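Two complexes, one shared chain (subunit A), two partners (subunit B, subunit C).
And now, the complex of A and B:
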């Protein structure tokens, strides 16, 4: 049984922001519902009002503009993302990460913006978006602001969002030319599981030199970009040494905990193994 | 809590009724409409046993509010057979013994039905991927996969 609540489904963004401004932390936004309804049932969230945003057409925007990048609106589902040929081709790290989330039936409803707003340390889309330098467009009745996704998460299931604000869309810039991205995820079973550890990487060349971006899930209170590890590729030297240096720094920078999916020690080892595996794959392609 | 009036089609039949906003689609199907083929189990989106078709796409009905289906079309396992005649997929489940306790069967039929409509010649891997969201705790997956593949082979 879900707690008592009132439901509204505004037809315009203006109407929605008005409601959010009125109800503030008494309201929760409903898009796919795959996290929210579980939280309601488990009494982790006790909102008085549920605001369903699926009837607002402009939030369904999924648009790619050459040279500018990708806009992913608040009601865009993982299914929409997997079916988009541009994302599969140019944003392969995001496509791969989304493919590991839940299962096909869940992905019919679950949304990408919902995934980042849940702000789970285990969120799979976030590491991919982090290496793509994604930005978050936040709106409220007062106006709008845009921040890097890296600054969006503040803790386990916590974000910078104020109760009267919402994420309208995620903006993903055009990836560097000829870049190649991958997401490796260790799960306990072959599907439908959260990550024990997930690692996203993007490789590209700048002035002939290989550059790498790296981010993780399930190894810290928030999804984590590890720029210090990326810097291993800024210095000259043999590529094997750079990879080992990056792996070493990544292991130092993460702070995993032990939980039902794996011990901290096991996670550290996975960071070592998966990062090395990923970096080798990336440098081979780019 | 303000009740909401919703109009929807379920298994081809149009319904209009008032629901409380804290009720799920699963509740609507089982408790209000008394269609007990759709099963309630984990109620957290893990097991997939409550899967139904919402506007042609499979969804876990425990994670959808009843008020959300206003204007939508729902198909449950009871809506698959026409005029008392089982579908080829349902017959294939019987022929392959694709059930043990039977509790997951309605969900597998729904997902199987959706898959075949969308992709009449799926590979074994595609069938397995589509079924990922539904759990069978008797672990009778092989016969379920075989049953679905048998239908896709006979229908050209």
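And now, the complex of A and C:
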């Protein structure tokens, strides 16, 4: 059963930040609740206060500005994202990743910001956001700061967030011109599952040369961008060799564990196979 | 026929889709209390002490019970189960204490205040280990347990039952064999994952009588076992069962009912409810047993089976009160649907420190058919024969002898027709095909059979009451767990009585005080047995109707015809009387009345079923054998191990489809469950026997997105003459043999033999990598 909790639902961001400042680590933020409610039931989290942020209109912002990029507010659900034609068109890697998360029931509630704040190594939206160079806007009563998503995660289910801070929105810059992104995810079943391994890739051309960005889920303590593998495309040489080099580096840089979803050995194989497949698809398109 | 053979709508459809159907969890009683269980963290440990004094001080905690409060055991076939753990715990998840409180929050809170001291014992966590002579004993007192005469526990070991089959001369059989092959097979424990977790309410009344409201498949089994164990006569025990949100065998036998009844007594005779969460359902509710098999098969060069030596060991977990019969059932069907002249089989049910096993749809057959159908495929490959041809060559046809020495009846189903049907529809005979660089398409088939696993005296009965307006109430003991049997029974009653099926209502609940007896809702036995009982009840009613009509119409009974809710004199339809005018007695214009309320009854037990010989397993266990076959076409990604089932074909000889749509529904649902169990489902344990995946995040079951796009269902109808309108059961059969069909297809695709379940993507990848 759920423990007894003090629930509040502020109507403005100011009110919310005030509450966070007052309760600090005794409070948890409730957005979609798809992670929070589970950990409350399992008594993994024992907050005294729950602050529901769904009634704060400005957190529902989902906005695209040509040349500037995308703003995804804290209460924007995965369903909102999937229904957005600009995201489907210009941020295909994010759209694809979100499509693999849970089922329709879950996507109706779960939020993208919640997904990054849970900071699960298996989070599917994070690799996509990483290759899109997303930034995180963090606010508190004291003010606000903006950091690259890459610097947001600090460990398994750990982030840089202070107890009195929250993520107001995620900012996704305009992707490079004519870029193409994909998310490949291996699951235990064909329907819905957490990732055994997920690979996000973004391909584009810069001065005629193919550039690639790569990030992974479920292969390290945090979602992981592997820039060393991307560098394989910076050097001259045949494209097949670059792909193999990138695959090689990716396999070296990841550090998967064995758990109930898959062995480290299998995950390493999936990193190899999925990365290669993804890169081949990307270079074919761009 | 007007109703039999027609796809009428389920009688419970409207209630269920509108949410008005009653389930055990809907029941609220005045003064009801809530129970919560404290579960063992150890797989095997002595209980040194339990201190619940602090928990008892919490306001609104009414009582707390521990194992020592209840000094007797319960069980369906073997009396081996404690109400709560006594002296020691036998699996991670065994209930050690129960808190009863005014509300659930308090009960849950109180659990945290109970202190238990354990003295850990070495656990037995593998069925093969459990059989070793120096293995720790799960039940030291096995010799003291009462058990049904059909079973053979071996005190001083972990063997809860040893079942043996011997036919022919096995030495000679192997000597004459040109090809001999031996293989081992394994599968994990799995959960039934019913949509509705266990829920029951018990009340011990001050006059010593008992009331139970429960989501149970078998109200009469609960009543009987409880009466036996507590020494209470059956007329003082009432068991009420509304609709059930899925059972799959897990709600058969007796589960938490004795606990809530005894908690009620301890709590001052107030009703006590226990409702498991999904996590508790995984941890503390019974599971399907694990399985290990070893089969040695001998055949002639031209593919005739000559000899088979079979060893099956079922991982029963901590208790085997029901599990013993699973090993027995697998034993008497052990060869699968093939004729083997020389046979030696041993099927053991073995205690371990895993969660306790119980019945599961398929009842041992899902398990051993995995082994047999893999073995048949490997034999065919060894012989260089086509696997379909090899199976047909050894098909157990009418007139041939089953493992228990039964000559298969002439009106039995036809395994050869099932195999041919799936082979044809899957397009058997085309070679595996590469798709792109790393994918292969291939086909696989597997066959199956099963008879109801039940004691020879298992009985069913039916009551049909005629109402004053000529409508009818049909009352049967089979519970509605989703399978749809009662709809088919209504159709049978309508057909027999000659009334529209809308005029028959199946009573939607079971209440042992009012409902006619049925042994259990299990074994794919109820359409057959309740079906026959309903026919007899309907004929009993017609006899009574004719009795009255004969007086009113002034004609002898054999001159009367029943049709369209009327009775008339042969050749004189104008001399007729309507049912409604006889229903509660016929009233003449002057008030004189003949006849009275009409109640029909019927029962059915199998003819000439027998116990099996303890030395050789010979005898007559089978009410009927249902045969079937499955075929798949898969696409395999050899780099990731991912398998997609592109197409499925299922064929069953059901004798007669009373309601074709419901038959298809059972087949589609069962096949998907089989696929799910074969590919994904598995209790995963850490080294200490603790389940690692007690939730639906990590215990994967098939969902809508996992359903193959194409599923062809072939219904074959070779009627069994003593079945109702020729019907045989199909409920469990549909979930057999999909996993071996998939593994056989993988074998044809890449030459890799997978003999352990689940056939998960990772396990496939591992097998392929190992071969490379």
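As a working rule, the second predicted complex is superposed on the first by the 286 of 286 C-alpha atoms of A that agree within 3 Å, B and C clash if a C-alpha of one lies under 4 Å from a C-alpha of the other, contacts with A are read in each partner's own complex, and residues count from 1 in each chain.
Simple rule for what comes next: a contact is a pair of C-beta atoms (placed from the backbone, for glycine too) under 8 Å apart; a residue touches a chain by one contact, two chains touch by 3 or more.
All values derive from a computational prediction rather than experimental measurement.
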Exercise. Does the superposition put A:163 against subunit B (first), subunit C (second), both, or neither?
Worked result: neither
Exercise. Which holds for A:176: it touches subunit B only (first), subunit C only (second), both, or neither?
Worked result: neither
For this session: Check the residue A:60 against both partner chains and state whether it touches subunit B (first), subunit C (second), both, or neither.
Result: neither
For this session: Using the superposition on chain A described above, determine whether A:109 touches subunit B (first), subunit C (second), both, or neither.
Result: first
Exercise. What is the contact status of A:262 with respect to subunit B (first) and subunit C (second): first, second, both, or neither?
Worked result: second
For this session: Spot which of subunit B and subunit C makes contact with more residues of subunit A, would you?
Result: B
Exercise. Thinking of the overlay built on chain A, is A:10 touched by subunit B (first), by subunit C (second), by both, or by neither?
Worked result: neither
For this session: Determine, under the contact definition given at the top, whether A:221 touches first (subunit B), second (subunit C), both, or neither.
Result: neither
Problem set entry | Touching partner for A:191 - first (subunit B), second (subunit C), both, neither | both
Problem set entry | Common ground on subunit A, meaning residues reached by subunit C in one complex and by subunit B in the other | 1, 4, 103, 191-192
Seminar exercise, completed: Given the complex, residues on subunit A that touch subunit C span 1, 4, 103, 186, 188-194, 196, 260-263, 266, 269-270, 273-274
For this session: Enumerate the contact residues on subunit C facing subunit A in the complex.
Result: 104-105, 108, 639-640, 642, 644, 679-680, 684, 692-693, 697-698, 700, 702-706, 760-762, 765-766, 769
Problem set entry | Footprint of subunit B on subunit A - complex, ascending | 1-7, 9, 30, 32-34, 37-38, 40-42, 50, 52, 54, 79, 102-106, 108-109, 191-192
Seminar exercise, completed: The answer for subunit B against subunit A in the complex is residues 1-2, 4, 20-24, 43-46, 48, 51, 57-60, 62-65, 67-68, 111, 129-130, 132-134
